[in-house]
């Protein structure tokens, strides 16, 4: 039931929301998280961000995360779109949508989906700086803690 | 062909090794991820730079996350990468 | 800083998101809740929903709720749009957006904003049914409980 | 003009009373929301239907939520309505 997409093209958030709720009049609310490229990191100005991923495994991991959300909450729809390749500050990297008859389900599922997407799907960010340097982004312990509050991913 | 491993490297591991993908004959005596990592470290400076540091290296076997004590067998697709940073 | 709007025209969610993040490259994430008109209530099919409000007080109440969110979380922007007048199942009633450098702030503020908007802003829903009847929607205790977990609104 | 109240009614209160808005001379002896409600109930069948039931009635004075023991003074804008159901 979930919509899973990995794409190099810019995201059209409005179009994905419209597609999720089109002809689904039983939906009472849609929770959403939109991740965007910031323009600074550790005090250095970022000029570009490049997202690498593991084709094949990425889609499997995203589908497994969405399936978990659909098991844990009463969802009427779920969309995960992740951009890959080069992008600019202000552009959207990731879009998570969770639709439900009830807003608490929609909002909790949204938080879960982005927490797990950040820690359990094979994407890697590289930042390019205005000073000419570039660096792979380190994983954040805060992200691991946020993901861990939802428990462990069951064995496939 | 069945007695080979399909190896994949991502992010800074790929950059240090100099390739993102290779097929290798199943190394004798290797039957876990940890064993495979030890064998890879001996393959040259790029591999040593990728695998010989304290930086954490994650693994997937046949596109599922795996721990370093997981079993590796001929025919497997084994990927190495840093902790993920998407989203 | 917040964008507050009450409007009879249909909402354009994509446009409001784009306006919030335009030229704001310090934003790391936007949390969002989109409330839509369901097509059934208590087993009766709904053909239309009409939203009445208290012009003047509505905008004040929405601004006070947004100001609370901006005090409680590190927000870089906040949008509250509520539709009024007649609308159809599947259409958007309400849009909440909360932008932050950090996704937990954005998502928590989003939950807070919709919880308080549902219980502390002067809007009233009337449902029209396929069987010809119509009825004002009763306030839900669940909404009061959801709103209460954020504590009391301080005196103005 | 200063000795009047600006009264507003919303949702089913408005429908039962038959109007959404009126200006009335400040009633003698009324100085709280509860007193105003008691006075309004005596103004006719529509008011009795609106205010004479067990259904909860909420109030705002000058566009701020107020309890039934809040003070009402000449010149105030006083609104009555059911519990809100937006969002």
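Here the chain labels run A, B, C and D in written order, and each chain numbers its own residues starting at 1.
What we mean here is this: contacts are C-beta pairs under 8 Å (C-beta built on N, C-alpha and C of every residue); 3 or more make two chains touch, one makes a residue touch a chain.
As the structure is a computational prediction, the values presented were derived from the model and not from experiment.
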item	value
Centroid spacing, where centroids are CA-atom means, of subunit B and subunit D in whole angstrom	74
Whole-Å separation of chain centres (CA-atom averages), subunit A against subunit D	49
Rounded Å distance between subunit C and subunit D, as computed from the means of their C-alpha atoms	26
Approximate Å spacing (C-alpha centroids) for the pair subunit A, subunit C	23
Residues of subunit A touching at least two other chains	35, 114
Overlap residues in subunit D, where contacts from two or more other chains coincide	none
Chain contact graph, described as a line, ring, star, complete graph or other shape	line
Complete list of chain pairs which touch one another	A-B, A-C, C-D
In the complex, subunit D residues that touch subunit C	8, 10-12, 14, 60, 63-65, 79, 81-87
Contacting residues of subunit C [partner subunit D, same complex]	35, 51-54, 56-57, 60, 82, 93-94, 114, 117-126, 136-140, 143, 156
Complex contacts: residues of subunit A adjacent to subunit C	12-15, 17-18, 21-40, 89-90, 92, 101, 103-104, 106-107, 110-111, 114, 146
